[in-house]
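Structure first, commentary second.
Chain nomenclature is as follows: A, B and C, assigned in order of appearance, with residue numbering initiated at 1 for each chain independently.
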Amino acid sequence: MLDDGKLTKLQALCDAAVPGHALPREFYSDPDVYEADIRDYWNHHWIWVGHVSQVAEPGAFFLFDYGPESIIVVRDREGRLGAFLNVCRHRGSRVCVARSGTARVFSCPYHAWTFELDGRLRRATHMDEDFAPEEHGLFKVHLRVFEGLIFVSTGDEPPELDEGLAGMRDAVAPYRLDRLKIAHEASYPVPANWKLAIENYMECYHCAPAHHDYSRSHSLKDPDSITPELRAAMEAEVEAAGLLPAKFGRDSLAAPVGMDFWLNRYPLYPGYTTGSKDGALLAPLLGNLKAPVAAATDMQIGILNNFLIYSDHVVGYRFVPRGVQQTDIEMVWLVREDAEEGRDYDVGALTWLWHVTTLDDERIIRVNQEGVNSHHFVPGPLSSMEWGIRTFYAGYLDRLRAAATS
Amino acid sequence: MLDDGKLTKLQALCDAAVPGHALPREFYSDPDVYEADIRDYWNHHWIWVGHVSQVAEPGAFFLFDYGPESIIVVRDREGRLGAFLNVCRHRGSRVCVARSGTARVFSCPYHAWTFELDGRLRRATHMDEDFAPEEHGLFKVHLRVFEGLIFVSTGDEPPELDEGLAGMRDAVAPYRLDRLKIAHEASYPVPANWKLAIENYMECYHCAPAHHDYSRSHSLKDPDSITPELRAAMEAEVEAAGLLPAKFGRDSLAAPVGMDFWLNRYPLYPGYTTGSKDGALLAPLLGNLKAPVAAATDMQIGILNNFLIYSDHVVGYRFVPRGVQQTDIEMVWLVREDAEEGRDYDVGALTWLWHVTTLDDERIIRVNQEGVNSHHFVPGPLSSMEWGIRTFYAGYLDRLRAAATS
Amino acid sequence: MLDDGKLTKLQALCDAAVPGHALPREFYSDPDVYEADIRDYWNHHWIWVGHVSQVAEPGAFFLFDYGPESIIVVRDREGRLGAFLNVCRHRGSRVCVARSGTARVFSCPYHAWTFELDGRLRRATHMDEDFAPEEHGLFKVHLRVFEGLIFVSTGDEPPELDEGLAGMRDAVAPYRLDRLKIAHEASYPVPANWKLAIENYMECYHCAPAHHDYSRSHSLKDPDSITPELRAAMEAEVEAAGLLPAKFGRDSLAAPVGMDFWLNRYPLYPGYTTGSKDGALLAPLLGNLKAPVAAATDMQIGILNNFLIYSDHVVGYRFVPRGVQQTDIEMVWLVREDAEEGRDYDVGALTWLWHVTTLDDERIIRVNQEGVNSHHFVPGPLSSMEWGIRTFYAGYLDRLRAAATS
C-alpha cells in the first residue's frame, strides 16, 4: 500500500543516482527505501537458503528468514523438496517456530490450522460453510536446486535462473557441491544497510588496505599481481585436477547472461593451496578432484548469493537485511559429506581466514554507514576495481523503478 | 497535525480491510497507524485504570500510562475522585513522577507550577500580567466508577457508558466488586502491536491448541462441550449462591447495547470451582455469595477492558500500547478486601493459571506479529469462534474513518 | 531530497507555533523535524567543538560528532588549523576513526584513499583517467578560533560571527581563555530532543525549584535577589581583578548584535567565590586576574554554545543531538593551562556543582519530554524569566522556514 508521496520519492531518488558513482545516502538510511528493498528487490530475487544435506530425509525442514520474511524449506513424504511462506493463511502467525527439524505436518501454534508438508491445508476447525480449504494452503514459493544448493524466490516472476545455471554446471560439476555437508555456520551482525554489506563483497578494491591475511594468499586483491607464470601454473593444476580448462575471468564469464551469474577462478600466491593460515589443505579434496588447485573460484548466483570454492571446502555468503541499518553477514562453511570433524578437518582452522576477514569487513562496513549517514555525503566516483558494484547498482535501480511504476 | 498524505493512507487502509477477515499488515506495523490508534482510538475510548481501593483516602493518587499518555487519578481533599492529564500547562512536563502515593498538591518538578488536587492552578511565578491562572489548570479527563472499578477517557466525547453499565449492575452487584483489594499486579511485555494482543483475548479459538491448563478447566475453549447437564448444574449453583439467574451468553447479553459491554458466564468442568490448579477455591468467597459457583464470568466494559470473575477472585486485563510493536499485557488479581495474604490466599496459587496462560499468549502473539510483518501476508477468514474480533474490527475501522474525515 | 508532503508539514508546524508559548509536540517527536534540525539548523550554525590545547602540535587532531555528522579538527604540518567533514569522497566511509591523536595523513580504512592534513587527496588507486584528485579532497568546513575556543560550521553561509566575537573580546580577554587546558569532560545522555535540553540551559526559571545546590550560591536563580549592595560589591571586585567594569545584563549586552552573542555577569551570594561546594576557589585564578571575583559570567556564542566563566575555571556546555529523542549533554571543565591536577585542583571538587546540577537537569528534561509526547499537550505561555527561549524559538522557526522555502 504505497501512497503517491512515497512513489514520487523513490523515483526521484533513483533519478538522483549518478552512473559510475556511489548511491545517495537515502538508499542506506530511508525506511521507505528499506521497505522497497524487501518488497520489490529481495522478494523478487533468488536467495540461497541452504543445502540439500539439511533436508535429506522426508519431513526434514529448516527455516530461512530475511527482513520480515520467513521461508520454510521442507522435503515432503514423497521426497519432493518444497518451499513455503511461513505465514498462516488465517491470521498470519508463523506456522513453524522451530529453526529446523523433522515434521509430519505444520500445525500453527495459534489456532492449530494444520498444513501438509506440501503446503495443503489439512484442517481448520469452526470455519464457515463456504470456507474452501483448498484455497488456503501455505503460499508456495519458487525453489531451485543447483548442485545441491537450494535457492528460493518469493516473487511472482523471479528472474531467469535455469539458463544461467545450465551455463555454469559443467564448470563446477567436478566439485560435487551436492555431496557436501555444513561444517560450520556463523552470523556477523553489522549496523549498516544490507547494500553496504553486499557492495563490500562485490569488490576487492578494499582487500589490500583492509584484509592483510586474505591479501597474503589471494591474488584477487591485486589483478596486476597475477603474472602469466602464476596463471599458467594454476591452469596446469586445473588440468591435473580434472577440472574444466575453461578460462575464467572478467572477460570470459562461464555464463555470460548478465551479472546474475559469475564464475571466476584466480590463483593463490605461491605457498598457498587453499584459504588457510599456513597454506596447507584444510579438508579432503572435494568431489572428483584428482589433485589440489592453488586457486579460489568465485561463484555468484542471482546477485544476492556468493560462494567461494577452494579445492577442499566451500564458503557461502549471504548479506541478510534485518533493518534499515542492521544486516547479518551469514557464512556457511561446507566440506565433503564424508569428512569427519577432528579426523579430517578442524573447525577453527577451517574458518580462520573468513572469520578474521569478516571481522575486518564488519568494521569497515560500519564506518562506511556512519559516513554515508552525513547530510553532506556526496557519492563519489567508483574505481575500475568496483565494476561489480556498478552492475549491481544498475540492476538495483532498474528493479526499483520498475516496481515503483508497476 | 496530519498531512493529507497520511489521511489518504489511513482511509485507503481502512478500505482495504475485508469484512470477516484479519486486518492487513500495515495496521500492525505502520507508525502512522499507531499514531492514529493512540490519538483517535485510545484517546477516545474508556480505559480501566484501577480500583477505588487504590485511592481510598483524600490525597491518594496513582498514575496510569499508555502510549505517550499519562493520567493522574486522585481523590481530592473533599473526597471527590478526579482524573487529569499528567502534563503541565506550561511547557508540558509531567507534573507527577511518583507512580502512586499521597499528595497535598501537584508541583511540577520543572518550574514549580503548582496544581490543586482538583486540577486548579494554584501558583505560577513570573508570568505576564495578562496570564489567567484559571485557564491553566490541569486538563480534566472523564472518569466513571462502576462497582469500584475506575474508568477514564481523555476524549472530548467518549462513547456512551452509563446506560451500558446500568444494564450490567444487577448482574454483578452480588460480587461486591467495590469491596475488593489488589492482591497482585503483573506486566507481560510482548513485542507486538496492541491489537494483536487484545484480539488474542477476544477469542477462545486458540484456547484448546495453546492453553492446556486453561482448557482443562474452562469450557469456553469448546462451546460444544457445554452439555445441558453442565449448564443446568451451573445454574443451580448460581441460584444457590444468590446470583441473578439471568441467562448469559452470546445471544443474551446482559447489556445488549453493543459490543462495548459483554457479560458471559460459562461452566467450569467438573472438579473445578475456580481458576486454580487443583480446582479448589483460592480465596474467600466474594461479596454476598452464599456458595461457590463452578463458573467463570467474562465481563467486558468499553472494548478495551476485560475482567474474569470467579467466585473467589477477579482478574482484570489490559493490553497497553507502548510502541508500534510493543505492548504490555497488564493483569491485576483482586480478592475480597478483608482477605489476608498467607492466611486467606497464596499469591503463587492465586496467579498460577493466568501466569502460565499469559506466558503462552506472549509467545503466540509474538509469532503472530512476526508472520503478519511479511509483505506477503494476506489476511485470512475468521472462524465462527472469532466473532468478537469481527465486532472489534468493525468498531475500530469506523472510529479511524470518522477521525480521519473529521 | 525533500518531498512536497514533508515541506508542507514543516511549514504548517512552524505556522502552528504560537509566539510567547512553548513549541508544539511534533517539534520534539517527529523524525522529519529532526532531519530538518540537523540538515537546516545544526548544519548551518556555529558549533563549539573544542579548545586549541587539544591540537597544539602539527598533526594533532580530534573528532567532533553530532547527529549523523562527524568533523575532523586538525593542525596541519604548517601549523594551520583546519576542519573537514569526516566523510570519504569515494563511497562515504569515515576516513578517521580514532577520536583523537596525531596523524601524518588521513587514510580511509576502506580503500585507502589518502588525504593530506589540509584535506587534499594525495592518493586514490585504480581510478579512471579522467578522475581529478584535486576535486576530491575532504570537504572543508568553516572554522573560527576565539580566545582559544574552536568553532566550526558546515553550512554554505554560516551566520555572521566575527563582528559578534569582536564585540566580546575585550570583556573576556583578561581571562586568557586561550591559555586553558581541559581538566575533565563528561557526557550526560538524556532521552529527549536536543531542543528540550538547550531550552533548559536558556532559562533559570527552573533553577530555584530544581537546583538546590546551584541556587544556594548563584543569584541568577532569582533576579530580585540581586540587591544593589550585592551588585556594587561585585563591581568593586571586578575592578580590583582588572576586569572591564562594563555593565552586563539583559539590557546591556556586551555584543548587542542579536541573541547569537550574550555575556552576562551576575553575583554569587555572600560566602561563595566560585561554583564550589564550600565557596572557596577550586583552581588557580585565570589569566591576568589580580583577585577573585565572586561572580559567574555567562557567555553564549552562536546560539548553540554556552560557557560559564568563574575566576578560576570555565565550564563549556553543548547539547548534542543523537536522535529524535536522544541527546548528550556534553560538558567540559577547563582550568589554567599550568594548573596541575592533585596540586592545584581536584577533579571531584571542580566538577561537583555541575555534575549534580546536570543530574537534576537530566531528570527534568526527561520528564519534560515524556509529557510533551502526549497527544493532548497544548504549549503553554512562557514566563518573563524564559525570554531566552522566546528568542531561540524565533530564530529557530525563521531558519526552518527559510530552509523549507529555499
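Convention: a contact is a pair of C-beta atoms (placed from the backbone, for glycine too) under 8 Å apart; a residue touches a chain by one contact, two chains touch by 3 or more.
Quick caveat: nothing in here was measured; it's all calculated off a predicted structure.
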Magnitude of the superposing rotation for chain B and chain C (Cα, nearest 5°): 120
Fraction-based call for chain B against chain A, same above half, different below: different
Gap in Å, rounded to a whole number, between the CA centres of chain B and chain A: 47
Residues of chain B engaged with two or more neighbouring chains: 5
Interface residues, chain B side, partner chain A - complex: 5, 8-9, 12-13, 16, 22, 24-26, 29, 199, 205-206, 208-210, 363-364, 367-368, 370-385
Residues of chain B touching chain C in the complex: 1, 3-5, 38-39, 43, 68-70, 85-95, 97, 107-112, 124-128, 131, 136, 139, 154
